[in-house]
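Next up, some structures in structure tokens.
Here come two complexes built around chain A, the first alongside chain B, the second alongside chain C.
Right, the complex of A and B next:
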């Protein structure tokens, strides 16, 4: 017998002083294990009512219901999950999939009631004693059932695009689009935020299924400008996407573009089908921008004869004459317009209403008229020297570039403005400088500081990549002109604040911080207004106005019952709002033109 | 573990080798060679303990994967053997003669995945799903939600809303012509 055999009974004694692993009083205290899956908890501030928990629950234990005091807002349905514990099997799939991480489980499992209906409640709303339990099951921070990162979009490298107007974004491949579409949980929270309320989860599902023809039909049900919107939409929907809480929002805009890129134009026209039989009614539309052409598309499909009067030589409005080609190639825009004209819409180009034909004539010749003239007059800073011929408006220059007119490209220039239009003109002129002189000398001055820039972050990033010199918090004071009348550049002061206590525009400057930014040309990009001279004196008098804009009712009708107005000139600010507006006036006009008994 | 694999390779035709950790590795092996290999591992290599036997449904590939996890107590090593079998009429040689406990695992796999192990004791006895009358529930094409809906009655008072439809009604809706 060895010595250790003799001692071994005693070594067991040391266990006497250890904490017991068993529970002392099992009849009274029965704590769940630290990661036990007990009754649910839901953080009401985080939950967005997406219903993904309901969708995944394999026992049908979850209902989504409205809750007092939680209204529906953009990005939150206001519904909250109610769980039926008669069905729940405590699998925690709902916790694992939760798009915000709001849903977790306590380690509480003991609860006795005689009324079975009490075991159906809304965690986080119906207060329970375990609501603040620290222990219980939570999804591991890094483990997500849905991939959190967006499929990367292939793009032209900065060096390749410095001197070129070729489209920057290449578009997803089919495999990439499927992967991106796979991340969408089909909750539909984004639909309310889209001004046209496009059927986003349905068309994303069409991408998953590879059924692009159904995809195109879904796009056209709400938007005849999918080539345009698939490329340059302001994509506010993505700000409401359920996926943004724990990762990147779904690339809704790129998936729309992907669908429309897959289907040839003839097929698109075939898929939409022929317009309704002619109604004999005639509608005139002024302006072939997204608002006017959307109204034209809808009205033509309903069987009305539509004539569009357009001042320029081609259609698309600001999407052609404002948005640069590297963001939206003309052939993509042409495809959208070709589908619209295929519905029988007649566009009279180079017809400026007010000059080539009078409003009174349209009123007399048509059953209804739509004013969709956009905002084409650039605003001026009116600082000293701003009337110099080398001080230009961004929209005028952009139009000249699109129209192919020759521009005296300055070797150096200054852009005033910090919004997207300022970025567009700065980047367009930089490309022309690169083509002409092999170097870029564009300075952009904005009132706002970097944290409050109006332009999209992507625009700023790409502008910097393209060597634009962006200066923030600079207020323009004068366009400096030498004794020979030559423009030298822009004088600015540092901005201390932009708004006063009442949030009114009242910039304050520090005159001791003065700079001169050299430029042979200065471009003002500080906003646009509508050129309403086409209306003529009498009509201008008759119409009701609201702070400089023509007043319209919720359907887009003006105070003159034959005249409707839509798009930027009355609402804005972007293409998809113009599209939504076009639908709205078309619906209203159709109702007005259709005999009452038929609609009753 | 690599050494073990090299030795085994001399006697058996083996598939892919994955070394997960210093003390855990997996070997893929053909179904016909499994039994002999297990016997050898148990009797010659010290893998005396069958830790578990489990399955994965590779629905898209039309296959089940069986994993036999063995433990060598003396060396503190785990070795998993992976076997792929056809999903249609799935059947695998029983190993209850090597480890009596295997019969229980095989009963479970028969019930949950519908895999047959001819000759395995009490194979057809209910394991945990008493009175089960639907497709084996661990097969990936088994629709759990559909089964729950068809099998269990809904308590009165259940109702639900679709988030998108609810938001439409609350936030924009069809305002019609005003």
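Right, the complex of A and C next:
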């Protein structure tokens, strides 16, 4: 200790002459830093109400609530996060985890109320002064709290598939499936979108857990066509997947296929369990397609005796006779059908109703009849020359290919149409051309421009890889035939617009832009319709119709109380809708056949 | 009374209890805390005094028990991230670092190099804050309130730097499993340099007014001596050990993050009293300022700050256990994490250095102390009750 120890503390007095360092509020504004985690903002244009913010909030500060003026639509639950600032700890995990990037934070931190209960608000809905604050915490791209890229699906190389009908998609390995399933946030937007309302997040969890038996049970609870839907479903679920907003949607379809691929068929039948005791009621189903067989499966599980009448030699309907083997191998379809027949469903193949057995007979012999005949008749463009024998319908050709009939493969051909069926026939015929002639000369002309193609983008990508010449915005005008009656090709004009102001189909063309696409064969793939000739005149007369389709009530029942109708022939347009329809009529029939207990 | 050798006083009975008669009128039971300006948080000391001499002391903790370790067993690995910082209020970043590093080790995640540098930077900034708070507290325990005002001022400047870097002032929630949440903002190094200079300028004042102060020396020199023989038996780490001449510093002994690339020596003292501990901390604070400068000069300027994470909503970590440690301003901070392959931690145990310093060691040190030194003694061990109780 020295004299300086006594004197030096007095140097503190120098601070008397300094300015204070405190900030006087509110005289001086003191804005939060640029990345300050202040009050929440939510961009209503982006938010889809997936609730992932609610899931991650460890304080339970976020509740998903319905909001006036925001309806639930496909891909949007209609719910919005309400934040309770009595619980929020400002960690911003909700911002980091937000699937759309809609939730952010402002750098504002002052909010005065007299009532503590008022510190609860729905950002973006309840207007606040910080709604337009530019600064504040945001997530940037690399901070995703989950992988955003889809696991790549192993596929047959384009070179290898040019002349082969072998299935293109190999399916995920277990490790890949786990990684893909890991990306799911279980928001359930997909369930609402799926026509059959499959328990998608639950079966994806089963993949994560490696519990495939549970997965199979979940699949069969809503869909007996898992092999089929796991391969060719139009997967609208993936269009509403929360993950698609800032990355790839979860490969829901491939995960479904992965589950069903992991469990042997005998085990699947065992897992579903035995049907209920017989009820003594008999149901006839016309058409062994997805709608008919789903109804058959449900009704058989409920104990009804089900007989399915199928005109073709094998079941599956359009999934067999419309979808090429490289997309849906027949043995996969056979497995689904085998599980359905294992439930006691009897399928009478090569039985065409109307020819081999009359509708009246079915009405007399069964307690209920389901009409699920699909759309097997191709529509024609009716342009000049379209009645030439080398102008064919896509559905007819596809059926012939499946049935193994010999087809006179043309060296060059033109397909009219831009939907999936057009792609199917173009790609099937290209394979046959490659097998016969070693080269592919298929031209596909579609009315739509590339941005509005009806076909699945993957179909278009793969078609291009397979050397299909795809031309967009081309309207068919005539099938050109020479003087000897030989088909030369298709004349098209450029399409200026397809729909008129009222969104009615009224294509407009530019006649100066004319092209001739050479082809020994022209295939029309512009749509299908139901062949209802089996009904017979009397029944056709009796039934109520709606724009050429049989009129049904919301449960699929026609105006005849013994007849239900389901699937493409009354509703379109894909497998999963047919499955949903099958469930709907099965429920309706079961209710009609089961004596109602008197209720007080 | 204090001229006598008090080391054998009070005498103990064979069973270890004190051989004193509390009803004799000679002794007084006195509670210091849990609300008391001389307590560095919510804890209480039950003192038995004889005159102004402490003859017995029992620490009472529990006023701050929030059950974090148990809470974490019911939260996913990512959900634990926002709550760990709350385990130690004045220097929360070690919780974030130790937790994140433990999770990353068990999950097998490699984090980007830039994230290592930013983590080190954050930890040193937190250490500066913690020491500034300590200096104010230590001076305040002897009645010198002005030091606390000055250090609070510069600590606030450092909080500004925290705010612009992490988006928050106290609970930064920035060192996230997988990396850190962001890179440095533009111009950060320049503003940090200004802050460091201001801190140095205030520390120069603190040196004159607190350390070269006859009163402070009278009160602090030779008081509260920690015997080097106690270090291992009481688990004494950090400045408390270094002030006793033992260079215990996890940054040197078991280097983590980017400390191997930084040039520094552990700061030590030799007298092991309150004054030496305060001085060691002051010099350690200056070291931290130097380390921050080194980090800002050496660190990469660009790069990824976070590694790719699995989906954190159902992140499962394989069965395993680990202990991750770091040198915080009070000594060794550690997280013992056990995982069982599920989506939740099976067990998290937090080692806050105040636990070993401020209960058993303090109860021993305070015997025979003057009652007016009790608060200063507790502060001199750099006690943060929230990390004792978790």
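Odds and ends about this structure:
By definition in this document, the second predicted complex is superposed on the first by the 568 of 600 C-alpha atoms of A that agree within 3 Å, B and C clash if a C-alpha of one lies under 4 Å from a C-alpha of the other, contacts with A are read in each partner's own complex, and residues count from 1 in each chain.
Operating definition for what follows: contacts are C-beta pairs under 8 Å (C-beta built on N, C-alpha and C of every residue); 3 or more make two chains touch, one makes a residue touch a chain.
Predicted model, so just to flag it, every value in this text is computed and none were measured.
In the superposition on chain A, contact is made by A:21 with chain C only, not with chain B. Legend: residue contacts after superposition of the two complexes on their common chain; A:278 is shown touching neither chain B nor chain C. Once the two complexes are overlaid on the shared chain, A:145 sits against chain C while remaining clear of chain B. Applying the stated contact rule after C-alpha superposition, one finds that A:31 touches neither chain B nor chain C. In the superposition on chain A, A:58 makes contact with both chain B and chain C. In the superposition on chain A, A:90 makes contact with chain C only, not with chain B.
Contacts of A:182 after superposition: chain C is touched, whereas chain B is not reached. Of the two partner chains placed by the overlay, neither chain B nor chain C lies in contact with A:384. Residues 58 of chain A lie in contact with chain B in one complex and with chain C in the other. Remark: chain A residues 1, 4-6, 8-9, 11-12, 21, 32-37, 52, 55-56, 58, 89-93, 96-97, 137, 140, 142-147, 182-186, 205, 208 touch chain C in the complex.
Residues 49-51, 54, 57-60, 62-66, 71-74, 77-79, 84, 86-87, 116-117, 120, 187-189, 191-192, 197, 201, 553-555, 587-588, 591 of chain A are the ones touching chain B in the complex. Touching chain A in their complex are the following residues of chain C: 75-76, 78-83, 146, 153, 156, 160, 163-164, 166-168, 171, 173, 181-182, 185, 205, 208-210, 212-215, 217-218, 304-306, 308-314. Residue ranges on chain B touching chain A, taken from their complex, read 144-145, 148-149, 152, 154-155, 157-168, 170-172, 175, 177-178.
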